[in-house]
Amino acid sequence: MKPVALELQNVCKRFGKLEIIRGVDLRVEQGERVVLIGPNGAGKSSLFNLISGRERADAGAIVLHGSPITGCKPYEINRRGLSRSFQVSSIFPKLSVFENVRCALLWSLGYRYSFWQRLNGLPKLRARADAVLEAIGLQACRDTLAGRLSYAEQRALEIGITIAGDADVILLDEPTSGMSRSESDAAAELIRRVTAGKTLLMVEHDMEVAFRLADRIAVLVGGQIIACDIPERVRANEAVQRAYLGNRAFAEVT
Amino acid sequence: EQVKIAFIESLSGPFAPVGQNLLRSWESMAELANAGKWAGDHQFSIAGFDNKGSPQESLNQLRTAIDQGYRYIAQGSSSGVGLALIEAINKHNQRNPGREVIYLNYGASDPDMTNSRCSFWHFRFDANSDMKLEALTTYIAAQKDVKKVYVIGQNYSFGHQVSRAVKDYLKRKRPQVQIVGDDLHPIGQVKDFSPYISKIKASGADSVVTGNWGADLALLIKAAKDADLKANFYTLYAGTTGVPTAIGAAGAGRMKMVAYWHPNNEAFSGSEIVTAFKEKYNDDFYGMATYTATAMLSKAIRESGSTDPVKVAMRMSGMKIKSLNGDVEMRKTDHQLQQPLYVVSWTRTDGKQVKFDQENTGYGWKTEKKIDTWVASQPTSCQMKRPG
Amino acid sequence: MNAMLRQQNSRASWLIWGTYATALLLAPVLFPEPASLSVLSQTGTAMLLALSYNMLLGQGGMMSFGHAVYSGLGGYVAIHALNLAAQDILPLPVSLVPLAGGLGGMFFGAVFGYISTRKAGTGFAMITLGMVELVFASALMFPDFFGGEGGVSGNRVIGEPFLGITFGPQIEVYYLIAAWLFISTAAMYFFTRTPLGRILNAVRDNAERVEFVGYDPRRVRYLSVVLSAFFAGVAGGLAALNFEIVSAENVSVARSAGILLTTFIGGIGYFFGPLLGAIAGVFMTVVLSSYTKAWQLYLGSLFILIVMFAPGGLAGICMSLLKMAQDLCRAGVSGIWKLLPRLAGLVLSACLACVGLVILVEMAYRRGLESADRSIIALPGISFDTGMPTHWLLAAVLAVAGIAGFAWLRRGFPDFYEATDSGLPSLGPGGESVRAAGDSPAHVRAPRGQA
Amino acid sequence: MEFILITLLNGLSYGLLLFMLSAGLTLIYSMMGVLNFAHASFYMLGAYLAYTVTSHIGYWPALIVAPLAIGVLGALVERHALRAVRRHGHLAELLFTFGLAYVLVEVVQLIWGRAAVPYRVPPILDQPLFTLYSTTFPAYRGFMMLIAVLMMLAIHLLFSRTRIGLVIRAALTHPQMVQSLGHDVPRVTMLVFGGGCALAALAGVIGGNAFVTEPAMAGAVGSIIFVVVVVGGLGSLAGAFLASLLIGIVQTLAVTLDYSLLGLLKTIGIAPESRIAGNALLNLTIAQVAPILPYLLLIVVMLLRPRGLLGVRGD
Amino acid sequence: MSRLLELQGVHAFYGKSHILRGVDLQVAPGEIVSLLGRNGAGRSTLLKAVMGLVETSGEIRFGSENIQGLQPFQVARKGVGYVPENRDIFPILTVEQNLVLGQKPGNERHEGKSWTLDDMYRMFPRLQERASMQAGVLSGGEQQMLALSRTMMGNPRLVLVDEPAEGLAPQIVELVAQFLLALQRQGVAVLLVEQKLAIALEISQRVYVLGHGSVVFEGSPADLRANEAVRREWLEV
């Protein structure tokens, strides 16, 4: 059995009276690709927030590479090798695309809060940033201000920022939202490529993409995981169909 | 020859009215002197330099003035600026022999300026605050009904000095007087003085001594009136532009001030100046020290026959003249003018004792007591370095 | 190709820095009167201060109402250091006194910044406002350190002259200021090119995201405040040497507001913007104020005009003029000929409007403040009498004609704002904006959102 | 007992006074998110205008005329300047008002001169309202408190009875969307800004004669009213009200506390040597720092509860 | 055919960039019309142009009036509803306050049914559960539901819907589609921008395809399905 990269043990979260996450258990093995699906408001993004340290869990434990990260600050968690993206692109709008990526790289390459080194004097940094740009296909708009990118490009940049730091556990929140069929296919390919060899946990409403990428699919409903299995079996699961997929033809899965 | 005097004061911003008034006073005095040939053939001219109320900017203006050939500097509305000028002029005179300038101080009343930080180049025509408080406490000590005194002031060096001096002097002059409170508040920060008034009231004080000026004084008096506090206020700065207006009727009968001169003095000396000033500028003449300064400067120039600051300064040091408040002397040891002082109270004008009102309020100053020069005179710790 | 480009870049930067240094060196030669030397010295410190402020405002999106605290306290430390040196207690040459100021500023930056940088946006701004009020109030309350209302004076001519330099003459102080300014400018420029400087930009843009790439935004802000306070302290130290006095006004809200004003007028989106702003600011507060009492009105109006029409500041205007010039060049001779009359018309009407407005303002000031009776402003050739309605009318006509002409000619010309991004940081009403579940901060709007 | 009662009364009335001064600012800040630095200048304009009107047609008309006129002025400012600036964001708006404050002070001096003007409390109100033990409570003060409460009610009604509050607060983040739902945002914004300025002017009409009507009066209240609205919290009228009272009472109480560090040391039995005993910091009493306590409060609140006491948002 | 909305030669600009270049388009009452095209084709811009949110030229008629150049709120008051692509819910208001803001001032009703809070809550029970919560904390999908309901509260005769299915679970997508169909049955016209072809083609009567800022195809869904060339050139990557 492969080592476990990320493990959630009975994680709970409530906001006031509302219980959003009710005892989630989840194990993601190293190198595995897990897609999290579930109805709107099921708590998928909230779960991401808990894992990445944006919010604090009320109970339960979150373990990254065998050490607990519950209650850590987002940057501490990131430094331990977990990186996430956001459902709505969260980039640095007034920096160039290249700078966006470079900023995402700085910590992982150990430059920390240095104010005695010149960025341009760090060829390794530049090379890495360029490699990331290449991977996400934004080489062409390297010097554009990120805020001026088109929607799809911003989504790509969002992924770029997320993967740049070379974290080995990657959380992507609806990376293909707002894209057309063919664009999401391309994005799925991109994700497959850039996360090769890494652990991936991803939220996705586009079933095509979900079923294509996933090694396993976890279904979150009402703050609980009701199924977690390989795609075929999840698709066949009746509870999942009832709670999530629906049965009419609009869902593009069918 | 032209005697050019650089007038360095706040001519813009909140304190501009005071600066403006004093500039006009200087100009009127210069006109008088020029018309009356006080300094022989030498003519005075005054130019205003705006220091925006800041010590640092004053030094800028000082430089500018010196560069433009001014050798006489006049300033007086702030001790902060005064202290800065003393230092800067000392340094300038030391670094630029032959281009000395002298400083005519007609109002900055920090005692240090004629004690620990005294300078040969500095001449003070106002009384310093220790002298004023000496006079004031002498007056207070003589009032038999004063039993409990409350001291309140602004929390900065001047406020501290007032508080210290009042306590010391009263203790010396009439130990029975109780100091029932001693409060300091940040300068210009208090919007509502009623809590202070309550405190004063609770302390049972019958007299309040304060070094407050400007809005801090006006608001204090107003709050006292509102709460019907029946205590007398002894102040130092109730006469400058804006304050009489702000106080109006609220201070009638209960506000006293110590001053080196006021228009309703025993002989109404200076009344022509007051009237002419009012006519010309629709403003009150209160900076009488400008008169003393001009007169003394003229005499020194006439006697030394030169406008060279060093010679003039030598001559002024120890000089005696007659000013609007009587005989005065520029004491040689510290260049502090020795002059009589008045304790006055805020009273409705009656055309007899109180002829002149202030800022058209219908209220003016009434002499309570004239205090002789020797009473207010203070020893000095000054060890002046004289040139040559 | 890349290498060539880089070479070109480095040549350009040598050129720029060389020009800057030469300008600093030659300024006293160009303005030789003694009075202007003191103005130049003040401009130097103001430039340094504005640059240090822009480290926070422009680069970090942190609007502080209390920057004067750092320069002022740095100044106090410097003047005390100078006095100690004069008494031979502290072995410190005068030329290094600004360093003491810098360290002092840095110390207070470390103390106050620890509190203020816990928040961003409005929270930060308000904490700094509270802080500056407290420090200013204490400055008067504690005369031991602050010297009461007279402030603390010093004498910069101490010790043996070094190579004949005593720092007595103003020119020597000017060159000391210029040297410190140049070095500090270089250092601050360098800072923008370092990892911390860049992350600071990122924190300005989107502090939350920075947390998810491994940085603690609070720490980033904190370090930046400390560094900025250092340079502010250096400026304070230089001012202390220049005036040989430091007084409480140096830590006041008004002074802080002045820094904000000048920095913004210069343009916070460009590194060199604050330099221009400081020049304009000193020109108005020091030079203009000795010619007219209306200087505060002019300063305020300039500021308002900049905020309204050119939030990129003077630097932004320069850049868009440059761009316009480039476009003109590209348009060739015929293009220039087509544009030139219009350009000339624009400049002319702008001048006309200015002259008219200035005369109006001056007349109003003469009438309102100087004296109740009529007085006269004499201009070469003409004079305006405040007692004559026709003269008022004439001035008004000038102003209106100028403004109308400008507005009419301006249509179709590039807007200074469009051409130049102000680089205004977003300052959400509550500092950072509301978090939405599964959403990024609202100020990073979704793509092509409704602007 | 007497002293405590009077102190509380003083605190309450000072608190209400602060609220009166900052009501308009709260209105603008909580709805539009703009920290209006020119608020105090509009307050000053109100006072000066009231002075002029009073000397011609009397105080009571001034109470109506001055706020209306300044309200219109405010609306014009919003319409012709602030609106253009708004597209550059909140910071630009803030800076604009900052510059406006600079200019308005000059304009006031141009029109009314630089010295204080004799703007006086009308005789009817210039008498004691009641006497508590031996201290009189001035009628004008009572009038001031009444107006403050009325302002509070008026704004509260505006918030609760109309959708104006919602429209403006929604427009804080998404102005275009609010328009797309059929609301005339520019007009509402203009009215709110004008309303805020009118409230400022009303405070000026009443505060101008209670205090001193002079060009420095704007600067004198400038910072403290920010403390009130920021401590109260963005979006919260009740918060501002609470903050005013809190500051009023805390500050008034603090004035009565003559305790210093030195005194504390002495009571616990440490008698520092005389050199240290002269230290200004040790000798500082709570009473002496009372007027700057609000700033301390501001810092503390910003740190512990950045959205303010009752604010609905913040980071 | 009577026309509710009619665009003739409409151009739209963002500052200097010219996005729409002469678009002609019609929507009849009670019709669902889909607007298709690649990313960045200008579909959202077209909706904004109708609302008056971008600079436009040309003629835009709604009913019998020309609404080109009107302010957005004026357009909205005439009976046009708009659901923007990034939802633009008001984060600091509660869910219910968001809905209340959807009601138009003046309370103009049109012939059809007028929508109430309860209708919306019935449609999306989730919103009722969250009614008193700050809308900013809603999940992506919940925000989408809110945005749609909010616009409906204004009883529009025509709704412009920009990518309503984005970020929605398949089940809710279905719900939304049914909702749009229900609207249509009540006589409300819908101009729909949607990436997910399947939905768009399923529920709409006519489709327009935008390319390079102008209409490159107009016809029924069946026509589009049949037209391989248009699909390949203007819709797929």
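Note that the chains take the letters A, B, C, D and E in the order they are written out, and that residue 1 is the start of every chain.
The rule is simple: a contact is a pair of C-beta atoms (placed from the backbone, for glycine too) under 8 Å apart; a residue touches a chain by one contact, two chains touch by 3 or more.
Keep in mind that this is a model prediction, so the values were computed, not measured.
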item	value
Chain E reached from chain A - shortest hop count over touching chains	1
Which of B-D and C-D has more C-beta pairs touching across its chains	C-D
Averaged-CA centre spacing for the pair chain D and chain C, given as whole angstrom	30
Rounded Å distance, chain D centre to chain E centre (Cα mean)	45
Centre distance in Å when chain C and chain E are each reduced to the mean of their C-alpha atoms	48
Residue list for chain C, restricted to those that touch at least two other chains	137, 141, 143, 296, 369, 433-435, 437-439, 442, 446-448, 450
Shared-contact residues (touching 2 or more other chains) in chain D	109, 113-114, 172-174, 176-177, 288-289, 291-292, 313
Set of chain B residues in contact with two or more other chains	20, 155, 184, 186, 189
Chain C partner contacts - residues on chain D that touch it in the complex	29, 33, 35, 81, 84-85, 87-92, 94-96, 98-100, 102-103, 105-107, 109-111, 113-114, 172-174, 176-177, 223, 226-227, 230, 234, 279-281, 284, 288-289, 291-292, 295-296, 298-299, 302-303, 306-307, 311, 313-315
Chain C residues touching chain D - in the complex, by the definition given at the top	63, 115, 118-123, 126-127, 129-131, 133-134, 137, 141-144, 253, 257, 260-261, 264, 294, 296-297, 299-301, 303-304, 307-308, 311, 364-365, 368-369, 417, 422, 424-434, 442, 450-451
Residues of chain E touching chain D in the complex	51, 53, 71-73, 75-77, 82, 84, 88-93, 97-98, 100-102, 104-105, 134, 150-151, 154
Residue ranges of chain A in contact with chain E within the complex	15, 37-46, 87-88, 150-152, 174, 177-183, 186, 205, 207, 243-246, 248-253
Partner chain D, residues of chain B touching it in the complex	14, 16-17, 20, 155, 183-186, 188-192, 194-196, 198-199, 201-202, 215, 218-219, 222, 226-228, 241-243, 245-246, 248, 359-361
